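Next come two complexes built around chain A: one with chain B, the other with chain C.
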Partner chain A sequence: MATTTQEPEDSDGPLARWTQGAIQNPERVYRALFYAAMVFFLVTTLFPFYWLAVLAVTPEGNLLAGSFLPTVNLFGVSGTFPLPVPKGFNPAAFVTVFEQVPFHLYMLNSFALAVTTTVIVLFVASLAGYVFGRLRFPGRALLMLGILAISYFPPAAFVIPLFQAFAGNEAITIPFTSIPLFTPPRLLNTPGSMVLPFSALFMPLSIFILTTFYGQIPDGLEDAARVEGTTRLGALFRVIMPLSAPGVATASVLTFIAVYNEYFFSSIMATSPEAAKWSPIVGGILSYQTQYTTQFNLMAAASIVGVLPVVILVIVAQERIVSGLTSGALKE
Partner chain B sequence: MRWMENLSDTQYAYLLLIPVFVLLGVVALYPLLRTFELSLYAVSTDLTSTSFVGIDNYVGLFTGEKNRYLPGGTTFLPSSFEFTSLLNSALVITIIFAVVSVLFETLIGLGQALILDQDFYGRRWVRAAIIIPWAVPIVIQGMIFFLMFNSNVGFATPPLADLGLLAPTNTLNDTASATFIIIVADIWKTSAFMALLILAGLQSIDRGLYDVAKVAGATKWQQFKLITFPLILPTIGVAVLFRSVQAMRVYGIIDTVSSCAVVPSLSCMVVATFNTREGTSAAIAFVTAAIIGLVVMGIIVWQGEDAI
Partner chain C sequence: MAGVKLEHVTKRYDDQGEIVTAVDDMNLDIDHGEFICFVGPSGCGKSTTMETIAGLTIPSEGEVYIGDREVTNLPPKDRGIAMVFQNIALFPHMDVYDNISFGLRLRDYPQDEIDRRVERASEIVQLEGMLDRMPDEMSGGQRQRVAIARAIVREPDVFLMDEPLANLDAKLKVHMRTELQRLHKELDTTIIYVTHDQEEAMTLSDRIAVLNSGSLQQIDPPLTCYNEPDNLFVAGFIGSPSMNFVSGTVSENTIETPNFSLAFDPATVEGLGVGDEVTIGIRPEDIYPGELRSEIRDPSSLISARVDILEPMGDEIFAYMLLDESETSMDQEQTTNNQLLMSIEPDSDIREEEDIEVAIDRRNVHIFDSATGEALVHKLEPVDTGAGAAGSEAESDD
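This part shows the complex of A and B:
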């Protein structure tokens, strides 16, 4: 029996040799599985962007002609190529996308809304983060629980009264009574109708992130500032906030991305998808889907342009995103 | 500003929390109470006045009397236990969406987290690539999957229709197919979020445990089964509940890829009815909030003080 298995390495192919090695050393199998899984995840997450690029550069006239999966003839065997390829090349869609609809204005609206919300959230959440992270007082746990609970409720549970209030037609009354409080101004189609719900919706995450970071600053540093004559509020904004710069950056990045991504209030509070009425990119992208229903290359180009800011932000600020999501999100 | 210096800690704390109370009071607490109030009123048949009807709107929802106000052939509760009527029920389809998408997001997220937990060359770039879908705006996520399965340019429909997973024609207007696509879209976008939460759990495991396991001769699979998995199970549990709550809100992706009449999620039904049937809409919104509230209570009871 032993004589038949002499010198297998020389006569076998590379696969057999790899298998031999793998049996002797299982570590190689794990390594191979690891790289296979990594490639699989990379392909599945990035493929949709490749598809957008394929559509965006395909000239409009070729969009509907034939399949994006070409038939290939390889050594006499014909089959369908498993990856979509562009049918022609014309990058003009990336210019047209700004001409047909003022897409840059929608993006500017999104930026303005996101920056305003981030500033409001950072200010309010800083005060709350200071209170929860550094002060001991009765009701602390209950209040944090309350903020936590509110942040879980679906936007749909808030939207009906908010829409009515922002329409500004009738006075706001105290719930379950008919006592009128005041008549709000008409906020629909203005930044206010979006910034207000965004701030409330995304503030709890920032509060929890900043609570963690502000709680870690040693008491001595705050006391030293107070001895130097800084006010209590001054100590928060001139000592604790700058020392927690990574936490502040994390909260800003996450709030900015959250607003830029928001759909529910963005689509409802801007009642018509017009850039002049403060409609953000939701309105811009949807106006391609509803008005220019066959210009699929423009829809794809608009999507690529719209996604670029967040892709850049993720690449630049990924450390902050990871730390913020892992430290704050589980608690939120 | 001198008076501020003389406040006790408690007084100072509540003073600084005033902006939070105002903001959450105006944008969350008031609307929540008002939604409940609206759900107790009904619009008269000539749409000019409203009258107090108590819990009639809720009763109407659960008996099916309100189904005629919902778009398409949607019902609130399923009318029977057949597959198509289950999918036409707003309540059931929302739960199906949440359960299926969160299940796959957890499995895929666990896989991604195990990869990102390793040390290898280019880890930073792989991690960025895996996070990017999470940061994609919902409207663009919807556009991507709309373009992939659109009947004119979508290349993905024929192969999947051959496998029997999707309807070959009119795919995005077929409830089962559209639900499938929306679930896939959600898995694509949100797995990374689960991965990051699970990764945090993985990285808090004491590495010494693995050294002990190696000395004891445990294989990689045994290490995973006996050390890694039991230790990250609590993290996974919280992450799953947290994601389920978010998944129950699904609206934007449905609105972009398909339409609320085809895939009638609970949030969809609120938006579709709130201009015409305020009471019904408010009742659906409040039922959604109540279901989510129950899940949240579960998290808080389970986690206790740690939840904060």
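This part shows the complex of A and C:
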């Protein structure tokens, strides 16, 4: 009889019942998984910032003594508080950061290097993206593959030859011979020695992004621009690029952040971590460390200050990236 | 003053190792102020031909002239042309004013000149008050008008229009068609117009260029293309519904087809002899019901047929007739020979499945060489009636 359905769940354990429920109503499981994943990512990304903040406001003298996990006594039960808390409160560290080291100059260095690289990368990658995305020529796929392959090379492989070249001491010779080709200018400790390798290293990703975006702009729009009076290049910069704004924003944000955070090349190309030698933020942070002392609280404070511009950039750019512009372009 | 001249223009594409000829040795001479339509089926090369004039495609061979200048290798911007695209192609990130003035701003016109011209152009296409709208806020017809305004604002020597009305609904299409004609009268520039719609071509143009498989079939005024098509392709393409084609063989005083014969004196057409294979072309409006035979100036003998399907159009009725009832119209191999389409008065008293007799106006019968497709004659000379007609009538009855 339909009314007296048997209830086999009664005989099953709680796990069996939960499994039954999950199979019949998987949405709940998906949501639970989503929250679990989100919490995981939030913790792994936000906890380091929290830890930096805790370190930054802890006075220097208290850094090494005692635990950051305080013992709390609640209703007679004592236990360890599971989250680190500052030992003391010294917001002056954020000021000391600028007093001890010209940290703003390091930030300016990073900022200038990042902006210059982004401009160069966007310009060159736009040209490449136009060619790969909109023109047909034999060997296109192979060339694209080559560019992507180069982007997987370890940057460390380039460091020694580039350092030698940028030192400008001896002429570059044809490999395996001693025939000199040219003597490069001395670029160490100048922006050139960093912008050049950065541009080359971060170019492939931007080319890849812009190729996909430029390839999607309808031919008709480019034709229209050319008939109206632009050259192919003019059409690229006046029509195709503005219409690919989300892609251009993505490529520039990624390049900017990558260069802003870069340390490996800049620590070598700037021969010592001095602001005057174009050492970037990481160089600045490390200069709170001397032979005998390491001011962890200042390093933490400097890290937070250094990260702020990028956080702001991402928040601002996010809206740009989300907003598409191509709606209503063509009648389909 | 600028006409357009194409000399031996050929365009070949390399499609994955296979050479495709999109335009084959095209020669065209278009006068200043002419309205020329390129018509042809999809893939006939009409858009490619237009692109070679626009400079968006560089021809593999041959030269393009605009006015007195050779422009074959000039970029589009230096050719003094403007173009309206099939997909409209307004710049979606610019408002109407910026779209229309795009070309002027690129050429560094003074601001007041730009304002004046944009205002004038938007008046012509009736877009006043919409200059600050974005393209995605406009209807299809409005966008199309913006595209036309963008083209006329630069006062080009030559207008190129690539199926500009293809995406509009039927009513708007007819409206824009008359606007285009008005525009042409007002601007007095050369207009080259690509369409696959032969009706559009007939109504708009001074001359029609019919293209097929990349080569020019005929370039003539619309009525010449209609009444005196150069070959089978033009005859079949121009006119809707299209011409009836029946294959036949020339005999001593008739053309014999599988189902009827037509009195004909081979001596009146040069180069035609007994035994030659020909294709007879008859337009639907040149076939009349038998009872109207006396009103035709030069009627053929009566042909018996069975009405297969009637299509009332309101102002006329299309009657699809089968000449040999043992075959069906579905039999594709036979349809051209077996089926005739007749256009009759809307008040005609004809029903489907009815056996009737029809007559053809011999003065409007076209004869084509079956082998080459070339037109041989567009009007049959009257033959002395009586014996000939009676004889063919007898044959058609069996």
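As a working rule, the second predicted complex is superposed on the first by the 272 of 332 C-alpha atoms of A that agree within 3 Å, B and C clash if a C-alpha of one lies under 4 Å from a C-alpha of the other, contacts with A are read in each partner's own complex, and residues count from 1 in each chain.
In this section, a contact is a pair of C-beta atoms (placed from the backbone, for glycine too) under 8 Å apart; a residue touches a chain by one contact, two chains touch by 3 or more.
In this text the structure is predicted, and so the values were computed from the model without any measurement.
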**OP:** Report for A:Pro242: first if it touches chain B alone, second if chain C alone, otherwise both or neither.
**Re:** second
**OP:** Based on the superposed arrangement, let me know which partner A:Ala37 touches: chain B (first), chain C (second), both, or neither?
**Re:** first
**OP:** Spot which of chain B and chain C makes contact with more residues of chain A, would you?
**Re:** B
Original post:
Is A:Val159 touching the first partner chain B, the second partner chain C, both, or neither of them?
Top reply: first
Original post:
Which partner does A:Ala16 contact after superposing on A: first (chain B), second (chain C), both, neither?
Top reply: neither
Original post:
Which holds for A:Ala171: it touches chain B only (first), chain C only (second), both, or neither?
Top reply: neither
Original post:
Between chain B (first) and chain C (second), which does A:Thr231 come into contact with in this model arrangement: first, second, both, or neither?
Top reply: both
**OP:** Using the superposition on A, tell me which residues of chain A are in contact with chain B and, in the other complex, with chain C.
**Re:** 231, 325-327, 329-332
Original post:
Tell me, which parts of chain A touch chain C in their complex?
Top reply: 218, 220-221, 223-231, 234, 239, 242-243, 325-332
Original post:
Which positions of chain A touch chain B when the two form their complex?
Top reply: 26, 30, 34, 37-38, 41-42, 44-46, 48-49, 51-52, 55, 63-64, 67-69, 84, 123-125, 127-128, 130-131, 135-138, 140-141, 143-145, 147-150, 152-163, 172, 175-176, 196-197, 199-201, 203, 207, 231-233, 257, 260-264, 267-268, 281-282, 285-286, 289, 294, 296, 299-300, 302-303, 306-307, 310-311, 313-315, 318, 321-322, 325-327, 329-332
Subject >> For the chain B and chain A complex, residues of the former touching the latter >> reply: 1, 4-5, 9-10, 12-14, 16-17, 19-20, 23-24, 26-38, 108, 111-112, 115, 118, 120, 124, 126-133, 135-140, 143-148, 150, 152-153, 155, 158, 188, 192-193, 196-197, 199-200, 219-220, 235, 238-239, 242, 245, 248-249, 251-253, 255-256, 266-267, 270-271, 274, 278, 281-282, 284-286, 288-289, 292-293, 295-296, 300, 305, 307-308
**OP:** Using the touch rule from the top, collect the residues of chain C that touch chain A in their complex.
**Re:** 54-56, 75-77, 81-83, 85-93, 102-103, 106-107, 134-137, 140, 143, 150, 154, 160, 167
